[in-house]
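Just passing along the structure, written as structure tokens.
Naming follows writing order (A, B, C, D and E), and every chain is counted from residue 1.
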Amino acid sequence: MSTIFAPASFLKSAIAATLLSSTAILATAHAADFRLGVRADALTIDPIASSDNSSIWLELQVYDQLVRPSKDGSKLEPAIAESWTISPDGKEFTFKLRPEAKFSDGQPVTAADVAFSLQRAAGEKSEWARFFKPITSYQVVDDHTIVMKLDKPFTPILNNLALFSASILPAKLVQQQGDKFFEHPIGSGPFVLKSWTRGQGEELTKNPNYWEKNKPSIDAVSIEVVPEDNSRVLKLKAGELDAITDVPYNQAANLKTDADIDVHAAPVFRVDLVQLNTTKKPFDNESVRQALNYALDKEAIVKGILRGNAKPTTSSIPVMAYHNEKLKPYPVDLAKAKELLAKGGVPDGFKTSMLVAAGDVTARQVASAIQASLRKVGVEVALQTIEDSSQFSTTKSGNYEMSLSYATSDTIDPDQLVGFTAVNPERANAFHTQWKSDRVNQLYADERQTPDGPERAKQFQEIEAVVHEQAPFIFLYTPNSAYANRKNVSGFEVVPTANYVLKDVVVK
Amino acid sequence: MKLLSQETVRRFKQNRNLQVGLFLLAVIVLTSLFGPSLVPYDPEELDFGNPLLAPTLQHPFGTDDLGRDVLARVVAAGQVDMQVVAVCVLLPFLIGSTIGLVSGYFGGWIDRVIMRFVDILWAFPFYVLVISIVGALGPSTTNIYLAFSLVVWISFARIVRGEVLLARRLEYTLAASVLGYSHARIMLRHILPNVITPAIVFMMADVVLTILGVTSLGFLGLGIQPPTPEWGVMIADGRNFIQDGWWISLFPGLAIVLVGLTFTLIGDGLDDLLRPKA
Amino acid sequence: MTEPLLSIHHISKTFPMARNFRDVVTRSPRQTLRALRDVSLTVRPGEVVGVVGESGCGKSTLGRCIAGLETPEHGDMLWQGAPISAGENRRTRARHIQMVFQDPYASLNPRMTLGQTLEEVLRVHGLAGDAARRRERVDELMLMVGLAPALKERLPHTISGGQRQRICIARALAAEPQLIVADEPVSALDASVQAQIINLLEDLRAKLNIALIFIAHDLNVVRHISDRVAVMYLGEIVETAAAEALFTRPLHPYTRGLLAAIPIPDPKRRTSVPSVEGEIPDPLSPPIGCGFSTRCSHVIHPCRVRHPDLHQTGEHGVRCLNPAATRPFADPGSVYPATGNQ
Amino acid sequence: MSAAHNTLAVEHLRVTFGKAPNAATAVDDVSFEIRQGEVFGLVGESGCGKSVTCRSLIQLFGGSRPSAMTGSISFEGRNLAALQPKDLVKVRGSEIAMIFQDPMTALNPTMKVGRQIEEGLRQHEKLSARQAREKAITLLKSVGVMAPERRLDSYPHAFSGGMRQRVLIAIALACRPKLLIADEPTTALDVTVQDQILKLILKLRAEIGMAVLLVTHDLGVVAQTCDRVAVMYAGRIVELATTEQLFAKPSHPYTRALLNALPAHGGRGGRLQPIGGSPPSLAAPPPGCRFHPRCSLAIPACELQQPPLAAIQEGHSAACIRIGEPA
Amino acid sequence: MNLLFFCISRLLQLVPVLLGITIVAFLLLRVMPGDPATLMLGSRGTPEDIAALTSQLGLDRPLWQQYLSFLGDIARGSFGRSIAYKAEIGPLLIARLWPTLALVGLSTVIAVLMTIPLAMYTAVRRNGAVDHAVKFFFVTAMAMPPFWLGVLLVLPLAIAVPIFPVSGYGQDWLDKLHHLALPAFIIALGTAALTIRSLRSSIIAVLGADYVDTARAKGLPERSVLRRHVFRNSLTSTISVLAVHTSWVIGGTVVIETVFGIPGLGSLLVASISARDYPMVQGLTVTFAVLVVVINLLADIAYSIVDPRVSLS
């Protein structure tokens, strides 16, 4: 009996063919100067419809705003507006636009474009309308001058104008094209969106008309979506990417040993905490809440799970402008914790449950550590994983006891997070803890009308102190954002508002 | 009804697949039952002092990034996974076989309606349907049971119905009908014992598919929820350490392969053993 | 002449064929396979009626209609003069009519022992009283069909084909029927075993006065066992008569061809020309006239256009338009004595 | 006829399947010869080894291959049993052809009938495609298939059983073989078609002048078709005779019992005389004469040795130690 | 001609199945807990906003009206608007379709290339060393979770010896092929495990068929017997196995695309489910089911080409 195939030789030739094709492919060079690997793809590039980081970060490359946060997140600096003045009563803002600012199609950026864009951002279709509604009128003085008026002072408005959602769009084109505009968007930012393959990434090219001299330094960027953390790291190591964001903490140390790679940790305006539902016993008791804070070994979590890429926090406000330096994180003190538990009426501890986002590996690990830590004072925590996207709606409905979560700030002003995590009633009823402090509410109302300065600083610092003391949360830490690039890249940065900056990137 | 005839015993003795398969099954069952008390580590105990230890005598499967003993976790996960798989296989087997039996035996419009429905469900890829259902209802063990039952019964229904259609034409069935036996008796005593073999054999193959399915759900974060140890989740968690902690992902995967191999062997063996010789 | 046990009047049975897309497009009517066309038959108590014909002639369908496995569309079936309605209780019918099938290998539930198979009949029909009495009856039945009661612990696949067929007969007997339909009961068996089963059936008939409808394609066997014989072709009876009359004086050309085609176990009598030419027409589109007209050597024009009726002369019926073509027929058996019997 | 030379001579053929202890000797020490142009019948009940015997000749065993095969098969001077596989392939189809029992399964369902006929022709006679096609048409005509030009392009499922058997005969006879092996060629067919096919084989035998080895279980077919016949029981030939001799004076008790068990062709003749018991297992045949447990004439000596074929008269022999005794 | 009729009739038979698919997908998404409008608006939604969006999405209408408008969306090729992408779903699906098709296609090709020689060799030389080795290897391969293989194989094949890229999809077609090779191979292992088994046993069955003996009796050399008579007739059952399995593979892309970061339908499904993008999940389930139906149709046609009996009955 004879055979008609010889499997061995077939396999050999198949392998040979594969090898040949792979070397051929390795030889083809990438068109882009700079290849960035990110975790998720943008969903949209319409600034008023964005709420996910990927979309926001992409928009920040393509569009420009009147003002922008400085890279260190400490203050606002001029962007399209080269200067601005605020009336003494804080109700009138006058912006002077840069005459050299142009959209990527060469058209100048005018005051009319600004008025249109901000009115759109405050409009019905906008998801960010409340941030701009305090502005009651726009007055186009000339092509390069615009005056905005408020009914009453609203200090955070300037910071809101630095938000991506306040991006300046070419009024005429958006009006003409409607939604189609965003298929080929035109902005005045440093880059132009050349192509976008959904789920795969974007190709950006330099905006030749960008107002900042000699920026960007590179001609083209490709942003590649690599959802898996490990793959992103491996691709960086393999040289398939020049830089990546969201380096998993547990990989950062290992990555540092690679001679070709620089790893960075950027502090960002985010705070991780455990929400405590103060409508439920025993979380209604301040002593119990403090006890939990004393019982938890935050340092161990930071060291063991975040590999040092975080700092324990004192309140629900991250370290940013107007931070209260005098506060210190709750120390680990089991005796104190037990004493406080006894004072709160639960000397032997209690049983409770904690929501954890299912998709977040770090959160799951931190939850395990919290579970182990609290067990030492007799508090048995059952972990209850929950679909990431429904965690917010679940805590909002009040149907929880503890919930491991975090809050981030889109602006460099603490107003946003104070409103979100400490004020009740307000947008989130103190981040769904239902904790309420009349003092904090009063301070919040005051701070919004107080011009920037030491007066406003005092107000914020008192808010922080109250939150720290009454502990509606277990305060955990404020993490760094780890990112990495190959050594031949410089100027790639993640800034405190967590977005990356590409315009200063130089590739050697 | 005589199941263990001498003939069967003789055939079992020659059936290497089944012997090896049953041996491995015994190993798996015993490990799940007694393993947790033999391994001196708590599968959920964090030990920040000993992260990412390579396999040694102390930790035969090493430790993970949080210092947990991988062996303890693999064993604990085995208990969880095997339990889930057992329910996810048995429920659809019972539902599907019953529907297939009734549909095939009575034929007519009942059969047409059921089979149309089966055709439609059949078009949805297994993973797509399971993931959509679990995703929609939320990841919980009950929902996993529900999703698998809703999806997998059609396989059993198709298999049993096909066999019933053949058996219904066989002369012993005709004879039972001529003898005036009730439909229930004909179905349960004459048809069912003779058609269930392929379904049982497929059930073994289904164990393999189900263990892959359940662990895939875990891998995607849609399955059994941490901190309950689960093989798919462990593999997913180990991905980040594939270079300096390959053992975290390797061993749970090997456990899955072992289970798969075991049931494939048992399936092949049962096929040989139960197929009636003319 | 006694009252007939079973009488069948003009029954028909058609099976609709699946219509495919092409049929729908070409608007061709749904095809039906007419398995039985206007068949009438009577069986008297204790009588053996043979039904012969080649594959696809409808003889098995006839048997299945009688046993209740199929329901004829037209015509009546009477049991001792009373109509058997379609919705009749299957249990009652089972006590009257039983069936033995062709393939002894498929006729027994492979997962039940022989004893269980027999006992089940007794239990379902509430025969033979309590469990102990049932066990006795099972032994009796096994002895009746010539099997050692010790075999009752065995599973079907451990016994021979002949033994299985005996169990099938015993199972039919267990219901104490008055009529057994035997559908090719010996064609799957070797010659030496065939004879055992035929003898058994004859004995039972003699002992229990059970009537038998014996369906077979082997004319020698049918001739051996039957009182009367019906010859079927394309779903209808083309000739029916007392066995001897049919074999010695066949009237229908098809019957004669069939008889002539049997290989005679006698080398001295050989022919070199086939007895019947051609093959059975497509049963989905049978000829308009006489079904056999396409192969008949005596065909005349009317045969091709007119469908003949069954013409009855006393006990002997024939469905032929040209009985004139029926020349004297020499029964080979009467000229050449059987060689086997010494 | 008797002077004609042997086309085939089989000597001491023994074919075993399976490994000890479950080894079954399906054919045990079988010897016979087939003369040029004759129809040689091999008759016996199922499992007696007749099919295995004829399949051994060209070593085609379907799915199950024997574990051992000894003896010599002398065909036209060559020992087929000792031939290399590639040489045996050359003999198949060109010099020895074979047709099988079930025409419904013996044709490739996915190949047009024409190609199946042409294939053998092109293999052995190196014909061009056109020549092969023409020859195929002629062949189909000669086996009585109407409109052969059209039928060549049909697939087998469009043919009835009888027509398929005709096609298989056409395939077998394509290269005018010297020996046609027909393994129960009509068992699956209706009696009128069987009649047609047997007569077709006889007619073509006369035209081509080939020898035919006809395997059957039907003594009627033997009587109607064969020149000489061997009766097999449990793997051995128990009687070998011309057809006339066999029917006139069946000598082995088994042959006689077989004939007696048939329902008489001539009418309703009392009780049949079945053979008691059932055929023995080939894996563990009874000692001595294999028929003795079922034989009405058996004496204790029958248990002791396997009787050899002993001549009764010219061309007629039987394997029974009681042959010499008065019946 | 017969084949044409066969194809048309199979297409017509698909209509009710396709309708059924849309109904199942539609109902599946209606039983999901949670309110799409709330999810779409996230933390910024006021009750008025939510009510407005609910009516804009038509979620306040009776079920049958919602279904009809869903059918209308499908007819326009749009499937409605994505919650996450805030865009028409149709074009998004099309863009994601090609990587998935390429992956499934490539893995099938690899599986077939493995299957044919190995199945033939092991069937002819059954119970030999190669047969046992192949059997053991593929039985094991079948039990290997593809995601696990994906995680593990990256280490030797993409890092230690960088033959394959770590993940992603690539730019031009050659680059894409290179990116898909490893995931396709992993899928193909599972497929080949089934098809080798199936083809091997049907070859063995066919080798024992009467017509194969007929072919041998003609004097055809074993090579020709295998090629002309055995191979083609063995294919039929394997085609069905392959078709049934392809539906499994298409579903399996959900996992493997996630592992290798391939921007196909599968990874989109996982992302859409965690984003609670209901309309997208609905569109995806329909798309997946239609893919399976189309592949089964192709298999039926292939089957009827291989076996002429099919198209006639």
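Criterion: a contact is a pair of C-beta atoms (placed from the backbone, for glycine too) under 8 Å apart; a residue touches a chain by one contact, two chains touch by 3 or more.
Just so it is clear, the structure is predicted and the values come from calculations on it, not from any experiment.
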Query - Pair joined by the larger number of C-beta contacts - A-B, A-E - result: A-E
Report task. Determine, using the mean of C-alpha atoms as each chain's centre, which chain is farthest from chain D. Result -> A
Report summary line: Rounded to the nearest Å, the gap separating the Cα centres of chain A and chain C is 87
Query raised in the report: Distance from the CA centroid of chain B to that of chain D, rounded to the nearest Å?
Result: 52
Query raised in the report: If you average the CA atoms of chain B and of chain C, how many Å lie between those two points?
Result: 49
**Report entry** Per-residue overlap in chain E, given as positions that touch at least 2 other chains
**Finding:** 154, 159, 221-222, 258, 274
Query - Residues within chain B bordering two or more other chains - result: 138, 221-222, 236, 239, 242-243
Report task. Can you check the complex and tell me which residues of chain E touch chain A? Result -> 34, 38-39, 41-44, 84-87, 92, 95-96, 113, 116-118, 120-121, 124-125, 130, 154, 158-159, 162-172, 174-175, 177-178, 181, 221-223, 226-227, 258-261, 263-264, 267-268, 271, 274-276
Report summary line: Listed in rising order, chain E residues that touch chain B in their complex are 16-17, 20-21, 23-24, 28-29, 31-33, 139-140, 142-149, 151-152, 154-155, 159, 247-248, 250-252, 254-255, 258, 269-270, 273-274, 281, 284-285, 288-290, 292-293, 296
Requested in this report: Report the residues of chain D in contact with chain E in the complex, numbered from low to high.
Outcome: 58, 60, 62-64, 85-86, 89-94, 97-98, 100-102, 105-111, 116, 119-120, 123-124, 155, 157, 168, 171-172, 174-175
Query raised in the report: For chain B, which residues are in contact with chain A within the complex?
Result: 44-46, 48, 51, 65-67, 138-139, 221-222, 225-227, 236-237, 239-244
Report summary line: As the complex stands, chain A meets chain E at residues 1-7, 10, 14, 18-19, 21-22, 24-25, 28, 30, 41, 43-44, 46, 49, 51-52, 127-128, 130, 197-200, 224-228, 231, 234-235, 237-238, 240, 359, 387-390, 392-393, 396, 427-428
